Amino acid sequence: MSRQLNEPVDAALVPRFAGHSTFMRLPAATSAEGLDVAILGIPWDGGTTNRAGARHGPREVRNQSSLMRRVHHVTGIAPYERLAVADLGDLAVQPIDLMAALQQIEAGIAAICAAGALPLSVGGDHLTTLPVLRALRKADPGRGRLGLVQFDAHSDTNDRYFGDNPYTHGTPFRRAIEEGILDPARMVQIGIRGSVYAADEHQWARDQGVRIIYIEEFARRGPEAVMAEVRTLIGSGPAYVSFDIDGIDPSMAPGTGTPEIGGFTTREAQAMLRGLAGLDIVGADVVEVSPPFDLGGMTALAGATMVFELLCVLAGNAGGPPA
Amino acid sequence: MSRQLNEPVDAALVPRFAGHSTFMRLPAATSAEGLDVAILGIPWDGGTTNRAGARHGPREVRNQSSLMRRVHHVTGIAPYERLAVADLGDLAVQPIDLMAALQQIEAGIAAICAAGALPLSVGGDHLTTLPVLRALRKADPGRGRLGLVQFDAHSDTNDRYFGDNPYTHGTPFRRAIEEGILDPARMVQIGIRGSVYAADEHQWARDQGVRIIYIEEFARRGPEAVMAEVRTLIGSGPAYVSFDIDGIDPSMAPGTGTPEIGGFTTREAQAMLRGLAGLDIVGADVVEVSPPFDLGGMTALAGATMVFELLCVLAGNAGGPPA
Amino acid sequence: MSRQLNEPVDAALVPRFAGHSTFMRLPAATSAEGLDVAILGIPWDGGTTNRAGARHGPREVRNQSSLMRRVHHVTGIAPYERLAVADLGDLAVQPIDLMAALQQIEAGIAAICAAGALPLSVGGDHLTTLPVLRALRKADPGRGRLGLVQFDAHSDTNDRYFGDNPYTHGTPFRRAIEEGILDPARMVQIGIRGSVYAADEHQWARDQGVRIIYIEEFARRGPEAVMAEVRTLIGSGPAYVSFDIDGIDPSMAPGTGTPEIGGFTTREAQAMLRGLAGLDIVGADVVEVSPPFDLGGMTALAGATMVFELLCVLAGNAGGPPA
Amino acid sequence: MSRQLNEPVDAALVPRFAGHSTFMRLPAATSAEGLDVAILGIPWDGGTTNRAGARHGPREVRNQSSLMRRVHHVTGIAPYERLAVADLGDLAVQPIDLMAALQQIEAGIAAICAAGALPLSVGGDHLTTLPVLRALRKADPGRGRLGLVQFDAHSDTNDRYFGDNPYTHGTPFRRAIEEGILDPARMVQIGIRGSVYAADEHQWARDQGVRIIYIEEFARRGPEAVMAEVRTLIGSGPAYVSFDIDGIDPSMAPGTGTPEIGGFTTREAQAMLRGLAGLDIVGADVVEVSPPFDLGGMTALAGATMVFELLCVLAGNAGGPPA
Amino acid sequence: MSRQLNEPVDAALVPRFAGHSTFMRLPAATSAEGLDVAILGIPWDGGTTNRAGARHGPREVRNQSSLMRRVHHVTGIAPYERLAVADLGDLAVQPIDLMAALQQIEAGIAAICAAGALPLSVGGDHLTTLPVLRALRKADPGRGRLGLVQFDAHSDTNDRYFGDNPYTHGTPFRRAIEEGILDPARMVQIGIRGSVYAADEHQWARDQGVRIIYIEEFARRGPEAVMAEVRTLIGSGPAYVSFDIDGIDPSMAPGTGTPEIGGFTTREAQAMLRGLAGLDIVGADVVEVSPPFDLGGMTALAGATMVFELLCVLAGNAGGPPA
Amino acid sequence: MSRQLNEPVDAALVPRFAGHSTFMRLPAATSAEGLDVAILGIPWDGGTTNRAGARHGPREVRNQSSLMRRVHHVTGIAPYERLAVADLGDLAVQPIDLMAALQQIEAGIAAICAAGALPLSVGGDHLTTLPVLRALRKADPGRGRLGLVQFDAHSDTNDRYFGDNPYTHGTPFRRAIEEGILDPARMVQIGIRGSVYAADEHQWARDQGVRIIYIEEFARRGPEAVMAEVRTLIGSGPAYVSFDIDGIDPSMAPGTGTPEIGGFTTREAQAMLRGLAGLDIVGADVVEVSPPFDLGGMTALAGATMVFELLCVLAGNAGGPPA
């Protein structure tokens, strides 16, 4: 199938509050065929240990993404001129059976990979990242283990919850390391903070080689220095980018299930995402936007803007407009 | 073009919070060709004299309409088995120039009529009904003037606002009578209440023959008796149904620009809409849902349910499932 | 000082959201001289035993009263053509010292009475009614004890709170009876409901002769029958009308400190206030509107409409337009 | 263990906003030993097919229950003088594994039954009722199948969701009938409404003998007539009472996952619960209060009041104060 | 007319929640005669291309301005001792006809200029600034073109919207340059950010000589350095200050129609306004406060504080207390 | 009585939304005997001059404190292993009589001191700190006057309000200095800002020797430098720590009665509290959290985190785990 560039609805003709609500006001697609990047929703929060609601994330991120325009104001990148992008809709994941849900997500991402498109997904809770990573790993086994750039308040490398549950939104990256999907030596977590269950809670991750940049270190060094380290650490290998919205301070992203005060700002988040330029990103997500706890759509707007920033990074990497 | 019956997304497979947000989770259509009923949004509130916001109505009514299911629990009518219905999206109406907006709306409805479909629209403020009526009148001049069943807190038959402005959401039905679109002898307004600017504010309408049923009379007689009178008054001629959400009590529909306490209940509203069965309805709308003033989506849910009730009335009139 | 009729700002020229926020968009006055009715605020809630906030009531009732128009839609009464009315502002009552506050309120009302005007006040919590009654009683000792028509969820005839505090919003009418201000044989309380501290909590009031109409009796008999009894009971003597907004169901008036489910509706409230026509009303209030607990201004709108209904009753009693 | 009567904290000494938040301000208990009625929370919503959040129900119902007082204002019943009641806290149910959760709930209720206490629980979604019923059935096999009085917008007798999931909040009563826990001939569902997935959606239940009273029938007949029928239908056998808060109109109980407009009022709900007097109630619950979707605590207050009404019914059945 | 200094109501006597709501609790004036500075509202948002609501800005900014006190805590300036200031109320601008509205605003400002007062207005959307500038330019043609210090997320120098509409809140400064009102060489825009429609969207402005300081540059340099440049750029000529509240980060000013994440903080905004000291300011405004989208009055409070900061700058320029 | 270490409920077994709501999910205690630190609520706001609501603070801080975990992520301190801590409930303070309330609070704290525990209280308005200080002073007269580290937007050293009221939340520290409780030479106030009533409003405090660090100075120097000065200034003598939540920027702590824009961030607040390590802290509080004005529990979460930070400082001072 040939590639076709899509453009958002023209806001100079159709007001932003009008029209079907799709990611970035892009056309809705039913298949990833012909796409470079498939933006999709994963409306599932079955791995949430405290306040559920991220299942409603994709709908509200779509709504707020109507405020995005076509061109990045700093880099001048016009992503829709460089990449074939569409809104692939939501994966149909049922909310009742956790193990079945993980399979449904993995299958949905696998189909996107099979079509040759890169998945840029909107969660959903952070456990959704695990089946996404599984699909990416299987789609290209020769590519080797993936690096990870994770923006987050929590390391999400715990082992078990509520007795012996291995799959919650607090465990995905432990599982992904154990399953040989992620290369811990090329993993970095930025913005980690908040009280912990045990003094050695992050020790397992550190023992594997995961680089944890606590918010206190981030505050001292700033986004530019941190991202320089990130680029060195990730290197030229393939990497996934996972943006948990609770990395942002709860005054700017209140709509999330496990808020921790003292986070980074949206401006710092934007600076960090722009610092990803040049990395070999094979997929990305924005997770844990939980509309029932949001205030005035503020968190969904932050999430939508992060999706746009990620898209522009992908487009920047893609080089100039396609011939 | 041949007619094709559409079904909403199956909620037993795709959760209600997932998937693209369309009216009733129906397919999005780009043309009314082949449709019996086109559900569409008219996101415009340029006629609003006090609190704007109805421009955001269609999007939120779509969101809440995901709670609608396939079959009416009282009548057993399954509208999608009888009528070809789709979500036609929103008319692209610009919010700046009032006169241009009225023309854009009229043109959009005219296209639907030309395709042979019946418009079931979601506003937007009540001035949107005027260009809809103009288009319906012109689409079938031989049909004669239309009757009107109007559920509302306000008569909307004032003459001028703010000096000499003839077009506001307080004037559409005066204009429509003057323009020979509506037959005042076949017009009934139900639920009228609230303080008025002048003791004779409704006199012009009454002089034309409009039947005004104030909320006090409604409360005494009940929905069944009132609707029996309505059916007699409208008779067998063509009629339009306009449901201003502010007819409902503001505790049940707070998201509207001009709330008046003491309105009818949603249960009474449902009973009244069911009482429309058998009328020759040529178009209908639900207007004045204003999300910025809504509470928890309550008003949008009421609006969505009214759209479903109207759709079932239209389907009931259409007779059994098409061969 | 000669009497001068005031008119609200003309909404056909100045939009309702514009202009200084006064009760009914009336002129602000600094003295009650020349007024028939002084609408004023008593922003004080120092008698509140649970959730404070009624101190903010006057400001929000003013804001929502911009939705009121000039003429009553049922009776056709245009109050501003019959009565000289103005917004007298708020009494300056300090929030720290309860006993001083009671004196400040009484002094403020006394000044209105001295000017020959009737006070129509907006609270504030229900304890504000006590000093208002004191001032009214002293202003015209020869008039005898006052009757009371009280719309409320609570009897407010308790004796003491938190040890030995005689003055709270749960005690004003006990104090007023004890002080010889109210005539219990001409007192009626409508809408009483909710669990009670003790089985004999209302016994003292009943022993004095107060007529308590519980919500269950009200629901059986309806507003017309109840108000017929009220008119008989009050008779031709002077009476005060006190409308506690928590008499209305919390779905319609959530913004109050002590909500009790199962209340009367706003429509029933309006019907009851209209049933006051003909009584010799010497003062009236609407109390316990608590904006911090309100939802979308719904309660303040209900309160503002009750003020308008009361004003129309007063105007109806005043007879035709003044020569 | 001997029985000890508990009293709520005295609101005349400790303000309602102060002190630990327990149901009705009762003492917290860690065991049901010595209790007649154990009020407890079941904070779990893993059976929810659309909007989760009922897991937060118990906490907010506790908060709002501080507005309850000691004595019922209609019947004069002082439940704490007749029954030993305490707040047993919440069952510790993990949110990740549905099947394990059902077992945890059943075990928790079994312990209460073993202690000789009656469970009065606050959900949680409606699937929580299934394990409660299982425990009650096993606790006293000789008692026979239970009757059910269900207040609800939905029948909750569907079979499967999202493929082949038998356990969701839309299926508990089908499962309970199949498992021989409930006697369908002694089951009545009141307030059912809203569009349905299929015209025959309720046919299975009706075929079993379940009596479904749709909201339309309820509106015609009123709570007294309906409850007379309920008492006849339930007879003298043991019965469970399940109150789904979505039976109440969403304007009065917006905080729930699947709202349906046109419900019964809180006043009607209270009248119906009072109509349960005399039945042999072996357990009761209030479910589907979902604080993330609530407005100003309105739904939690309604839920807390329903718990109080149920408690008073149980106390009334218990006869006079214990010697 | 002689000049008279006004003082706000004394908060040590009248609580902040009491009394008529005027800007800064100043007296309401009906004419600008005798005033140095007229604070006024322009409740109009007819130029809004997305989310309307700024029409409600003046009322809520007035409400929140009750939190302002008399003296600036950094500079020690007591503006009311130096300048005759009053609340001039709102311009009566009708919301229906855009071109008529622009004329009404211009006429209202012209009257203030004619009275010798400086207008300090609260919008309203940003298009309101255009007629204000027109009036200022005509009031003193010999003064030459005005400089502009604009705090904003958007340049607002676009050309046309929705076909061929030249007047929206995205175009005022292009029109003002074209009309010879503003001197682009003395224009500076601070805080610009957010995705753009086209890569060259700001090129026209830059070509005219407008200095655009994007948020990224601002973040690097800080408010002091930026304001030093501003003072140099504006020089000694007359200048207007326009503060679009969306320049502030949406976490601190969510109540606006077109939020863009990553803005400057309120503390930075205050620092910048203080940096205006010494400039020849001929008028100023705070625009785009949109209460329907605000959270807890936060944005209106920020707006009110900006008005106070601007007033103190004007007072500082006015020199010491008048003799 | 022997000391017993308490642990919070284990979140790996009991979800955070489940169980009784106590501070940090600690056991509820009815006496301070055997405790090192008693966390308690003081639900009283009778000293509030503007917007009341802090009486509801303790309940919501408890709710949000369920998000705290066991170990500090920066220092690694596990406070519950070092200190015997429990939730002592709320002081029973009546809301009607200010002078009686002050005595009730003082008596409650005196009992804690008598038991040998340190009070860590959650207000309540800032006047609650005065009786706490009185009790601490009397509990150990030989200890000498206390130092004070106050985080706040306001100095709270005014003299009189509303005539001659000496006790409001704007006066506690003036009274405490006058009463010889606090040593002004060892008092520091951080974050002071906002317009003032008079240019010399803080002069009295400065004359006594109080060190006021305005937000502008704080912004220049940063939390580390400021806290170094604080430690020097406080020295080795006993000190009290009072954290008024309005010191934090209102975007991060909107739920408070007297917000002032431009405050410090939560991250800065955390850094400052950590800088208290080593001081001889004899008591601490977090005040002015006002849930009726909060947004999404954000302020209560900030307050709960401050309590946790304070607890970890106290634990750090306590040295290693007890033998």
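We just call them A, B, C, D, E and F in the order they show up, numbering each chain from 1.
Criterion: a residue touches a chain if its C-beta (ideal position, glycine included) is under 8 Å from a C-beta of that chain, and two chains touch if they have at least 3 such contacts.
Keep in mind that this is a model prediction, so the values were computed, not measured.
**Student:** Where the contacts of subunit C and subunit F overlap, which chains show up?
**Tutor:** Output, common partners of subunit C and subunit F: D, E.
**Student:** Measuring centre to centre with C-alpha atoms, which chain is farthest from subunit F?
**Tutor:** Centroid comparison gives B as the farthest chain from subunit F.
**Student:** Suppose each chain is reduced to the average of its Cα coordinates; what separation in Å results between subunit B and subunit C?
**Tutor:** Between these chains, centre-to-centre, one finds 39 Å.
**Student:** Could you put a whole-Å number on the gap between the CA centroids of subunit A and subunit C?
**Tutor:** 56
**Student:** Enumerate the residues of subunit B that touch no fewer than two other chains.
**Tutor:** 13, 15, 17, 49, 51, 55-56, 94-95, 161-163, 249, 251, 293, 295
**Student:** Using the definition of touching given at the top, classify the network of chains in this structure as line, ring, star, complete or other.
**Tutor:** other
**Student:** Dump the list of chain pairs that touch, please.
**Tutor:** Touching chain pairs, listed by label, come out as A-B, A-D, A-E, A-F, B-C, B-D, B-E, C-D, C-E, C-F, D-F, E-F.
**Student:** Looking at the complex, which residues from subunit C come into contact with subunit B?
**Tutor:** Those in contact with subunit B are residues 11-13, 15-17, 67-74, 76, 78, 249, 251-252, 265-267, 270, 295-296, 298, 301-302, 305, 308.
**Student:** In the complex of these two chains, what residues of subunit A are touching subunit B?
**Tutor:** 13-15, 17-22, 28, 41, 43, 55-56, 58-59, 62-63, 87, 89-95
**Student:** Considering only the defined contacts, which subunit E positions touch subunit A in the complex?
**Tutor:** Residue list for subunit E touching subunit A: 49-51, 160-163, 192-199, 201, 214-216, 219, 249-251, 254-255, 258-263, 293-295.
**Student:** Show me the residue ranges of subunit E that touch subunit B in the complex, using the header's touch definition.
**Tutor:** 45-49, 51-53, 55-56, 94-98, 100, 161-163, 165, 167-168, 292-293
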